[in-house]
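Each of the next two complexes has chain A plus one other chain: chain B in the first, chain C in the second.
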Partner chain A sequence: MRYNEKVLEHYRNPKNVGSFDEQAENVGTGIVGAPECGDVMKLQIQVNENNHIVDARFKAYGCGSAIASSSLATEWIKGKTLDEAKQIKNTDIASELALPPVKMHCSVLAENAIKKAIEDLQRKKAKDNNK
Partner chain B sequence: MEKMIYLDNNATTPIDPRVLEAMLPYFRDKFGNAASIHHKFGWDAADAVKQARQQVANVIGAAPEEIIFTSGATESDNLALKGIASMYADKGRHIITCKTEHKAILDVCKWLETKGYEITYLPVDKYGIVDIDLLAESIRKDTILVSIMAANNETGTIAPIETIGAICKAKGAFFHTDATQAFGKIPLDVEKMGIDLLSLSAHKIYGPKGVGALYVRRKNPQVRCEPIIHGGGHERGIRSGTLNVPGIVGLGQAADIAVREMANESQRLQKLRDKLYNELSDRLEGVTLNGHPNQRLANTANISFAWVEGEALMLGINEIAVSSGSACTSASLEPSHVLRAMGVLDVLAHNSIRFSLGRFNTEQEIDYTIKRVVEEVNRLRELSPLYEMAKQGKELRIAD
Partner chain C sequence: METQNLYPHRCSKCNAQMFSPVVCQSCQTLFDIERDVDYFTMFGFERKFDIDSEELEKRFIELSRLVHPDFHSNDVDNVMMLSMQITSELNQAYETLSDPIKRAEYLLALSGGPDAEKDKSTPEELLPYILHLRESFEFAQAQDDKAKTDEIRQSIKVLKEQTEQRIFQLARELNSPSNDNSLRSELRKQLNAIRYINNLARFVNV
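After this line comes the complex of A and B, so read on.
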């Protein structure tokens, strides 16, 4: 596969690699994909008391575009509110990275990982409020 | 390292300078048509083709008139399967092959199924070796052909050709072998191995692309093959079309060099290949070999690196040319059908890299490759959530 420079840059120097404590109250974790399909992404968000995403982390098992899509996703969501982050579409990621059609699913995974991380955080907060 | 390293010799090989030298006159001064029987231009071309036919025949213990030149192994496979299917349709419409064959066999078989033929796709064991007992049981009265590849392109696993040949002979079915990867790399003898048809190609043995041959047995028993290309009756009427004289000269020369240097070359390549695998598995955890540990081409090592996806690894070491069985390398998004048939889990098939060494690789290149693969596997594992979970002893839990 011939990749464009943006994918290569994220692949070579991925942003926000790592993990937060999954148990922390201000952390939401989204894990999507399947090893049998060749892609697994873990994306985590950390929020402040105003529900602004102050930091993000990812780990990805998958091809170069899977790594680039998740690296880009973490860059984009930092500083956004949860509602703003939810608006990020896979097509935005795909067009920023100029992904070919056969790699579109990588951007879909990144979008889903963001949504799952937000859902996870909101579930934690709801539980908290019910205490 | 500014130079690229080429470890994808099962895909194709660079031409050997000795082969290129032999070919050049047949583009320039000796450009004649081998079918022109009335002047020296034609005679020179015909003489060159005659010599090449003998050189190719020598490698497999055949007679020169049993060699039919084609455009390559894909055409040879098509000619063997379609030619036999069509010629012997009255005897039967059953063909036996194997799940790990190249697409040049499998796709022809699928096409034959649409034309009313019945195909049996035999399973293989974990090393990629076809189930011999099942093969013997599967041959019926209406079985016209058994087609089993001599050595697998993805794993290098070598089939028990002689045993298969003997079974086919005893049961009265023709035996075709796709020897694209094996030709010129391991000893092949059509008499001793009971081979009736054999496909081969020039560009896997340091010859030019676009030329190959099909061996078709002429006696004990005579095998007849219906042509798939008509127009002039070249090659005993089995394959029409003006002969690719420079290409055929190149095939002959490449075959001649391959058979003369086979013993030394396979010994040298096996040493380098084993060094590659042994050092990688010493320096990294989660390294597994796909293919037979020793019934295997000397140049091939198909290796899975746990928790690291194959295409990502190829991108990381992209100054080194290799292949992967990962789905991400194909449009179908399914991992290698060969590894699947061997029972390799999909997750490990995605992590596979095929290193195929060749005549022009050096030990220095292998040392560099080892160093770079170790670096990049370690880097990608730090990125991999699967590696992280494995280290923490966690099961992968994925929300749907």
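After this line comes the complex of A and C, so read on.
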């Protein structure tokens, strides 16, 4: 199977690779995995006081499609509100990257990672408000 | 380990005692087995986790010989086809049963448990720990810190062994008739875990 050119571009030059401090109050972290293939992905968002995502980082240990999906996901969520970011669907990622059916789960992983990162952030904020 | 023949049937052609439903070792007649014959039954074993691996290999070789297409090349076409079909099933069955992790996975499926696609759960804190080990390994490697990379390899080895032991223990319990859903989900969880751990182990050459 050959990778689509867009997948290769993200794979060769992944955007936003790295980490933020997980403990920071304006950072949400989502760690997800696909047991079918053993891929693991971490996606982090950083928000400003208006809950706009100002920056995002990821680390993905897996195939080219998993890396490309998470790289694209971090690009897409930057500048979005949390609610807007939640609307991103794995199918959007898959069609942008022209992922074949056997690689669909990579885009699912990216969508789940975004959701988990947002949940993590909201949990932190809720805790904060209860203090 | 005591090995017993759990396929107490006689050949419908020559009436000899059979040990596998796929072929009669006496008259070499091949049988088109129904789909619901599981891999354990194919080798004349009881459907349980612990099997005698030497005996499994012995039976695999014996059955492969009896079923081999070369021995049936003079038979009519449909028997020749059957010979190839059974050979492929035997290979599949042997590959599954000879690997304890695949055997546990197979037993879970037979018991009606979920597959990895249906139930992706993992033990709590496993994924962050996997990420942590991987990142620390990469960092230590970049620093050429041999003591540290060895230490991380050792941690991964221990994690792998512990998880395997847990899987074997759960797969043995699956055998008992009282097995419940929580046992099946726990086994699923550990089988999911071992895939991440094996990926990591391959990465660090453990």
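Quick note on the criterion: the second predicted complex is superposed on the first by the 128 of 131 C-alpha atoms of A that agree within 3 Å, B and C clash if a C-alpha of one lies under 4 Å from a C-alpha of the other, contacts with A are read in each partner's own complex, and residues count from 1 in each chain.
Definition applied: a contact is a pair of C-beta atoms (placed from the backbone, for glycine too) under 8 Å apart; a residue touches a chain by one contact, two chains touch by 3 or more.
Remember, it's a predicted structure, so these values are computed and weren't measured experimentally.
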Touching partner for A:Cys63 - first (chain B), second (chain C), both, neither: first
Chain C versus chain B, contacts on chain A by residue: B
A:Lys42 touches, of chain B and chain C: first, second, both or neither? both
Which of chain B and chain C A:Lys116 touches, first, second, both or neither: first
Chain B versus chain C as contact partner of A:Gly30, first or second or both or neither: first
Common interface positions of chain A, toward chain B and toward chain C: 31-40, 42, 59, 61
List of chain B residues in touch with chain A within their complex: 307-309, 311-312, 315-316, 326-329, 331, 333, 335, 345-347, 350, 382-388, 396-399
Residues of chain A defined as touching chain B within the complex: 1, 3, 8, 11, 14, 17, 19, 30-42, 59-64, 66-67, 102, 105, 116, 119-120
Residue ranges of chain C touching chain A (in the complex, touch as defined): 116-117, 120, 122, 127-128, 130-131, 134-135, 191-192, 195-196, 198-200, 203
Residue numbers on chain A that touch chain C, as the complex places them: 31-40, 42, 59, 61
